[in-house]
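Next, two complexes with subunit A in common: one pairs it with subunit B, the other with subunit C.
Up next is the complex of A and B:
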């Protein structure tokens, strides 16, 4: 009995292979996008763990010179005094054909248990003696090609880094006699002289005060996950449409089988098994596709995370069984959600229910009322969250409620427009055109909702990215006004540097800073000179009257937006600064791309509060054309390595490159989601076209040519898609507003002004119509070319 | 003085139609000919599978014949391009299908007027009168799915008659009606065709209904045969 029943059920798919293909493709794509994003997240998180374990620094305190480098003499003094410290020097350098991060360590003192200690401890003599050795990930070695020393494959080393002896690192970076930081090993001997006696200018940084890499990047991953979920939802629309249609088409078969004695429970179990098989099949294909998608996107994600957060993420994807299991589970859950409604209806269906497909218009009338109530409820929820919502999760709930409410409203609005069109139409064909569009809306509504979601996401994210780009470029122009940036290695060198710069430049502005805890947050404080460079260009988003004068007089401070929002400090408030007392907040400035709190003090107040702060870095105002010559002279005269100098163009180019790569992934996911939505529309139209012959044949018999009917069908699809695109515009702009004013503020700590880009909308609208044209063209073409015999069959079946 | 015979409203000349099946070609019509003058009615009878519906579809220009010709007002419809055949169906022919084939997205009023409006002959008063005579005047705001089979059939007949076609091709138009209603509807169909001078070709299984037509064409194994 089971076999016969299963065979009868599956015969539907044999007769409707395209519908089956669409169902499987929809589910596979949904799974692919979701699991692809999850693969990216898993790989990044694994890389964070690997990086944490690499030097075992995550749990260890360290000593740093606030402005950069430590004299090797300090290290020797500390070791002689009995302190167990290990030096590390890190820096970017061109090696072979690639630019890498050199990580110089001292193998004899490296923290026990660290991966670096294990690697270098195997043959420390070879590692330390000339020409030296380097350990790097295989992909880094491939990128480097020929190196002046031996490179050994070590997958444990984060991609883009090369582990070398500290002496070699000093030579390659041009920083002889300098180290970057000193790692304090656990279990120090008892009775050691205090650190501040041996090296009072060094600062102890405890591990817990550092911002954790995983926490820092959480927002980025949450954004990716949200996009993956949206893509999954759009894919599920296809599955829901295909499964729902299959249930409708097989109502007669269900009735017959039950009338012939198949128990309802068995029938439902068989249908559930059928869905399970499809879920497994499509899920497996989706996993393979997801792996490929993640493989393509990972290099950009890795570059983004490296650029934005300094997070070392591998560019190579690993296969993780837990990820595959989670992806399959999502596919199965998706197909069960899509088919659950059909099963529920089947369970409540009387044995002799009409075999004819449900009267769609009537059923949809009831369904539309329910849909309207749900949409209104979600819209109210979104409205309430705008007023009372707080936190990133509330932001994403707001986003979901807004999108879902808008999607549910789409068929209602389209039905109303069609009804108006029918009322205003003059001719019989025009009246039929609108009435027919309204009647077929329930069958197309899921695809149109998917299209609306994809378009709204495109407009929203596109507006956010474009607003961000415009703001960011303007902000860079304001922030990077100086033509030349240079850092000395020692105070003496800085002194000589300032003397060398003075006669050849317009102004040498200090970029001197110290670390402190402000309002409970780790923050960096800058001493700021009173100069037109800042007064005329600094990007203030809020300021008290006479803000710059108050800053120069040491009566007020400027804080960055991140600190202002996190601690709710705005002009008119006061803030406690260690060593400087309570000062008024004179202004708040935008500070994109920086995850930390920042404060600007007048230079005199800064030096009074932090007399020990190193005075090494400088921003230089000068004729930009003179910069290359100056750089060459400083290299020759003072021996300054080029790694400590950069011109404005270089600094801007690096910042913009990081920015562009940040949104490469978003752009790719946007396009994929829109493709899935176009596929949903295509799937719905193709399955619908098979069922529409019965609706169109009488019109053909009454004197409308097949070509005209096909043109009307094409026009109907285009009109519905066009109206959906128009509806997506306000939804997309609302989405952009939520992203800019809620999600970004919660995730990154800054708010961006929204800017509109009508040319982008026009381009997207054209793409949407093109996608709709492609989706509508095949069914219309099939209709135009249908043989009269196909249409005759509608009447012949009457016999 | 003799008047020349007016051309038949509908005529068939040696119609042949074959279908391909798994067991080779099957000849459904094997040289069928007839003439139907304006204002006259003809019953088309025969067993199931005798080719009645195929003949009706060929006469409507929905299906091509493999041999012979169908002449509508003296014009060979096979010689017309598709657009002209479509125009013929809009303006000259009226079809009544057994399964009604109403347009589900339009209400009864719009279904009734649909073909007349396509043909450019819409007369609201005439449509209202037709609806009253067919007993569906109070159903005009409903949609096809809200009607019984008999009501739908009357709307289909009304849609055809409202267009005032020169030739009515009706496929078992009373098959879904009870005897009394069927008789009334057939009366209306015959009367409307006679009044308008339209030719009526009526497919039926019922000898009683066939007897009410002016002529009868009985098909057997693809050939015209004695009833």
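Up next is the complex of A and C:
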């Protein structure tokens, strides 16, 4: 009996292969996008952890010089005083065909287990003696090609880094006699002399609780996750539609089987098993697809993260069982959510109820009203959250409520538009066009809602990314306004440097800073010269009158947005600065990408408060064309390594290049999400076309040609899709606003001004119409080519 | 002796491997150039006269070298202690070099033994950067803040008076060493043979130190006095391939006599020693003259180590049994070994130091 019942149930799918394909494709695509994004995130996070654990430094305190570099003599002095420290020197350098981060370590004093887990082929003698050895990930070695020393594959070394002996690192970076930081070993001997007796200019930095990388890159991963979730939701619409339709169409079968004696429990178990199998099948396919998607996108994601945040992310994807399990669970949960409603209805279906196939989820007036009430409720919730919501979770609830409300409103608004169209239409065909559109809305509503969500997500995320880009680029322009940046290694060298720069440049501005705790937050204080560079270009988001004059006079300070929001300090408030007393907040400036608090102080006030602060870094205003020559001269005359100089044009070009890589990823995800929505529309239209013959046959009998009917169907599909796209625009902009003004502020402490890009909307609208055209074309073609006999048969079978 | 501290091939491998902290470095082939042959390095020559103070300093042409100091000490309350201070040099190439490229590795060991506890610490350094080194005049040996600094007057031997400092995470000491006798050349005028087929090292000692100073123990500082013994040895490949461990001791008799003796355990046991009169007159004890018999093994760091010995020199009328101050005198360093103070009785009585490797 069970076997017969199963065969009867499955025969439905044999007769409706397209429906089956839609169901599986929808679920597989939804799973693919979701799990693909998750794979990207997991890979990136694993890379951060690897990077953190790589030198086993994550848990160790270290000594740093505020100016950046530490004289090797300080290292020796500390060791000779008993301090158990080990030097590390890190720096970017061109190696072979690639630019890499050199990680110079001293193996004899490195903390136990510090230099990675197991560097195969390590030979300390070869590592420490000329010409040396470098350990790097295989892809780094491929990118580098030829190096002046042996490169050995070590997959555990973060991508883009090369582990070398500290001596080799000094030579390659041109930093002989300098080290970057001193790692404090866990076991220090008894009775150490205090640090300030040996190297008072060094600072002890305790290990961070969370890696900076994780904090910095959170925004990026958050966006990816949001995208993945949206894509999954859109995919679920397809699944929901297909499963619901299958339940609807099999009502007769169910009733017959029940009448023949199949217990309800058995029937439900069979249907549940059917869905489970489909979930597993589609989920597996989805995982494979997701893995492929992630594999294709990972190099770009990795390049973005490397470039943007210096996060060493491997470009090679690894298979993680936990990820696969989570993806499959998502697929199963999805199919159960989609089929749960059908099962529930089946459980309440009286055996002898008429098997008249009703339109599934037919929009009765009451249904519409319920939907309207729900949508309004959600919209009100979203509105309330805008006013009273606080925190990241509230931000996400707001996002969800907003999107769901908008989606639920879609069929209502479209129905209203169709009703209006019907009223204004002239002629019976036009009236039928609108009335038929309204009649079929309930069947299409899920697909149209999915399309609307996909479009809104595209507009919202696209607007956010583009706004971020525009703002960031503008901000880069403002912040990196000096043509040339240079750092000296010692105070004496800095002195010589300033003397050498003075006659050849317009202005040499100090970039001198000290660390302090401001309003309970670790902050960096900068001494700022009074110069047009800052007055004209610095990006202020709030300022008191005469802000720059007050800064120059030492009466006020500028703080960055992060500090302003974290400590709720704005122009008009005062802030307590160690050594400088209580000063007014004269202005707040945007400081994207920096997780820490920052304060700008007039240079005189700064020097009075922090006379010990190193005076090594400088921003130089000059003719941009002269920069390369100046760099070459400084290298020759002062022996200044090129790693301590940076040409602003070059820096900016690199940043922009990185941004383009970011857009490759968002762009690809956008297109994929839209494809899923188009597929949903296609699925709905295909299933609808089979049922519509009964509605179209009378019109055909009245004299409308099949070609005309097909054209009208196509036109209606396009009109509905077009209207949906128009509706998606305000929703997308609201979404963008929430992302920029709520989510960003809660997650990262800065607010981005929204910028609109109508050209992008037009492009997206065209894509939506194209997708709708493709989705409508096949059913319309089928209608145009349907045999007259089929149409006549409608009347013969009329019930 | 040298063999005692001698870094056997395996020992050096282990030592460098562990110290270099490049995991997986314990690959023999990585050190093939270092362990197997002494190519490029000088070999000890019989008849080469030792010259002081120059020979107190490093011998860059040789592969391995050490400055090895032990002291048997006693507190005012009669409690016995032992202290060890050692600086090892091992070279990757026969030159001093400068900067990070210098082919010299330095390793320091410090030990402090009480009747119930044994403390040890280890330090590593690269040559060429000033973190560790030795200079002959004025005499100074150091690694990090550990020091063995000469404080002898100009006309005396540079090693006649030393100030020695070392510390670890839970102990430390500051000791002054003052020689009451001359330097003693081991073996044949400082040429010490280590195997039947003639491996050898250059080896001399200063066994006549009187010591005073302070030990820093977890309970607090303890003032101590006692006797000390310095060994200086350098070579390039002092051991035979099959020699995997040794038992070495220095004895300070109550009557002022000193004796050094060791056995190298291999396919065949090789023994050697020096009988040193109170005036410093040295009598070499050739292979086979000394007889070592293990009397009792105890479990130390998971292995069976013979901590009590009978040592006999029948021709000289010596027959003694040794007793460790602390049977658990285990140096938990990169290459671990047993090293601690002993007392002995029998035909003669006194105190001394015992070192055992390869267990």
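To be clear about the criterion, the second predicted complex is superposed on the first by the 760 of 799 C-alpha atoms of A that agree within 3 Å, B and C clash if a C-alpha of one lies under 4 Å from a C-alpha of the other, contacts with A are read in each partner's own complex, and residues count from 1 in each chain.
Here is the rule we use: a residue touches a chain if its C-beta (ideal position, glycine included) is under 8 Å from a C-beta of that chain, and two chains touch if they have at least 3 such contacts.
In this text, all values refer to a predicted model and were calculated from it rather than measured experimentally.
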item: First, second, both or neither for A:40, with subunit B first and subunit C second; value: neither
item: Touching partner for A:231 - first (subunit B), second (subunit C), both, neither; value: neither
item: Touching partner for A:79 - first (subunit B), second (subunit C), both, neither; value: second
item: Touched partner set for A:267, first subunit B, second subunit C, both or neither; value: neither
item: First, second, both or neither for A:188, with subunit B first and subunit C second; value: second
item: Touching partner for A:703 - first (subunit B), second (subunit C), both, neither; value: first
item: Contacts of A:523 with subunit B and subunit C, given as first, second, both or neither; value: neither
item: For the subunit B and subunit A complex, residues of the former touching the latter; value: 48, 53, 57, 60, 62-64, 82-83, 86-91, 95, 97-99, 101-106, 110, 113-115, 117-119, 143, 145, 171
item: For the subunit C and subunit A complex, residues of the former touching the latter; value: 16-17, 19-25, 27, 29-31, 33-34, 92-93, 99-101, 103, 105, 121, 124-126, 129-131, 142, 144-145, 167-172, 216
item: Contacting residues of subunit A [partner subunit B, same complex]; value: 359, 361-362, 427-429, 431-432, 435-436, 438-440, 695, 697-707, 788-789, 791-792, 794-796, 798-799
item: Footprint of subunit C on subunit A - complex, ascending; value: 72, 76, 79-82, 84, 106-110, 112-130, 165-168, 170, 176, 187-191
